[in-house]
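Structure in structure tokens, see below.
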């Protein structure tokens, strides 16, 4: 492992200690908290993922219900990013099953995931700074006129509508994204998901590097999404951010499930303690198996 | 794990020397009458290679820190021209050399400051400088060669110093090797070398560690400028005159040589042994193909293909290295 | 919260280039001895020769928006000319010969794209290799000699490519404008254009939106290949001959044209109108220096200054955008 320090991290995967521990049975058994709201939307069962010799996901189970906001937490290298990249079709799982709306699905590419209604908003990778807001929202799915040209009018109108539905008022759809604040950028990226009728929006560290005010904006966007019946997976390091919006929190450690708990049944201190230690240890939350 | 890592490292270090040896053996075997290894031919290679080679050593260091410099092709003849002017003005050649090396370095300083202060791609900045200095040179020199033989005759101390022979080894080769060793020590054993790699592979991380990446880049540009001046004067001394066509095409040839030597254009990758051998590989192919009676003007085709091929090989080696360490 | 308006100057960057162009033309008209610049003979030459460069610059501009570039355009032009003249000389129907030449150009572009994208070689290096390769190949195939062919026998063909519309406007100008319009629609009004911008601006974001960035880049290389071949046909038909030096230096001039027109070397920024005007600026400077009876060498210095000025201008614009964002 000596060499790993000098090698730039693979752009797709954070490097982490491979360790040698398999998922301890008690961890693997960490069960889902009771659905907070209606039926199961996404269900991932026993997901395994290897990168070369690195066993990044070791049988993770993950469920999202319709209209639910799930916080996904864990230390660096816990497997959060890998898990959502599997869910968004960026990586394919080496083992395990994925169900969406009750049917088993195979996610071979981001296209497959998007066709199902899973939209992922990556932190800094979401937008093209030198393109206009409208062109960003419709990137890759531009509406065209009969002549095959971009239908600029529809694009402008619909992007302003999508932004307005988020409570985001921007002057013009022609403004360049580089002229927006960090919070507004997240808003544009989320508006894109809404406009394309996403059923599940995955937000990858949406509050990283944002000011307090901007964080509040983003959390408002998440509430807007929930109000419209869209399920949200909110990945973050900052428990405080996710606590105020999430219905349920899932913690991963070393590629395994560690905790799956309803927000109202726990508190920030308890969870941050567990995340910091990476094991349940003595501090097994009594509410862990809430059902 | 450790053992595999060793293998990967070994592979990425060995690919250039291996290519060098293979190229050498091919031309040895296939040149008519093994003329390639004729001492006179080898001596010619040893005399000609350092002109480009000395500059390429600097370019290699610069590329490891993530920048490059197209202006060398103009800075080199410009320094050679100014050197000739100094000689005409009656300056002692040694003093003129000592004066010109800092002048070259300050031309490099200008590049470095422009690149780091404006944040523009070095391609644009140094392309502008390439064209600008070439224009200036052509106008002031009127494209006329200037003989420096009256000031530094072939048997003068100065000519011996730069282009003479030690035993049967041409002085140019010794200069080239000497500079390569010095830069190799700087690059691989010194703290500054570590900063160069850090700047090239991840400037943000380097800055976070308190490394002044701008300063590192500026110093690398100055190294290139100084080496341009040195190479220009060395070449002028060998030729006995300044000519405006000195250095033409060096801007791309140097990049080609360095890339063949395993340096990545993205910065942070490469080593001094590879760079030095890369220059020789290009020169050997050039020389060897002519011995094989490939028409002179066709040589470019092979050099072009060789560049692409070697980059693919180097990429593979580096990727394997990266894979084995993750 | 309202987003800040974009400063006027930023939005109308192209007007800046237009002003520069007008000033240049006016300056050239006034300053050239006997006002030769605006005399009919010179304007005809400018408008007949200029588009050969301009058409290639348009393609390079599109490619640069996608975040890559191509140093081999000059060599592609020379090779294309040779292929076209050889096919025509072999008695193949002239239109079919032209079509085959264009297909070959597209094929070369495809090869460049594949090497850059699949072998993951920085386009600077890969196309540097191809620049040497194609130029060398042309030289081998012509054995350094001028090849000629009498195109006069194909009256209609000559009329289409190098004739005059209404006895005034050279056909080349029509082709140049036509390609600019087509590429304008591709780049600014079509879906593919949006993908090109997205690929150059933020390839990861583009991929996340299911845009095949590799394909986008390959197609852009193919556009360049096609335009080089087309330009080769124009040039060969005009001169009835091919020299191995055709298009030397155009690779950097084309980049200069795109940069003057506001295209970013980092990709994702630029406009077809800008590139079109940038190409005109370069064409006019080139012609002006000849007409002003300045030593041709000045053109180097002039290009250097123009590129640097354009790049610094864009830097200012970028800063204004940033400031507007805060």
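For clarity, chains are labelled A, B and C in written order, and residue numbers in each chain start from 1.
Methods note: a residue touches a chain if its C-beta (ideal position, glycine included) is under 8 Å from a C-beta of that chain, and two chains touch if they have at least 3 such contacts.
Because the structure is predicted, anything quoted here is derived from the model rather than measured.
*Asks:* Out of every possible chain pairing, name the one holding the most C-beta contact pairs.
*Replies:* Contact tally peaks for the chain pair B-C.
*Asks:* Mean of the CA atoms for each chain, then the mean for all of them together: which chain is nearest?
*Replies:* So the chain nearest the centre of the shown protein is C.
*Asks:* From the centre of chain C, which other chain's Cα mean sits the farthest off?
*Replies:* A
*Asks:* Centroid from C-alpha atoms only, then distance chain A to chain C, rounded to Å. What do you get?
*Replies:* Roughly 44 Å separates the two chain centres.
*Asks:* Between chain B and chain C, what's the gap in Å when you average each chain's C-alpha atoms?
*Replies:* The computed centroid separation for chain B versus chain C comes out at 31 Å.
*Asks:* In whole angstrom, what separates the CA-based centres of chain A and chain B?
*Replies:* The computed centroid separation for chain A versus chain B comes out at 49 Å.
*Asks:* Can you check the complex and tell me which residues of chain A touch chain C?
*Replies:* These residues of chain A touch chain C: 90, 109-111, 114, 120, 122, 125-131, 135, 138-142, 144, 148-150, 152, 169-172, 175-176, 178-181, 184.
*Asks:* Which residues of chain C touch chain B once you look at their complex with the stated criterion?
*Replies:* Residue list for chain C touching chain B: 71, 115, 119-122, 124-126, 128-137, 139-140, 143-144, 244, 252, 255-256, 259, 265-266, 295, 297-305, 307-308, 311-312, 315.
*Asks:* For a test of understanding, state which residues of chain C touch chain A in their complex under the given definition.
*Replies:* Answer in residue numbers: 1-6, 185, 189-191, 193-195, 197-198, 201-202, 204-211, 264, 268-269, 321-322, 324-325.
*Asks:* Which part of chain B faces chain C closely enough to touch in the complex?
*Replies:* 118-121, 123-125, 127-136, 138-139, 142-143, 252, 255-256, 259, 264-266, 295, 297-308, 311-312, 315
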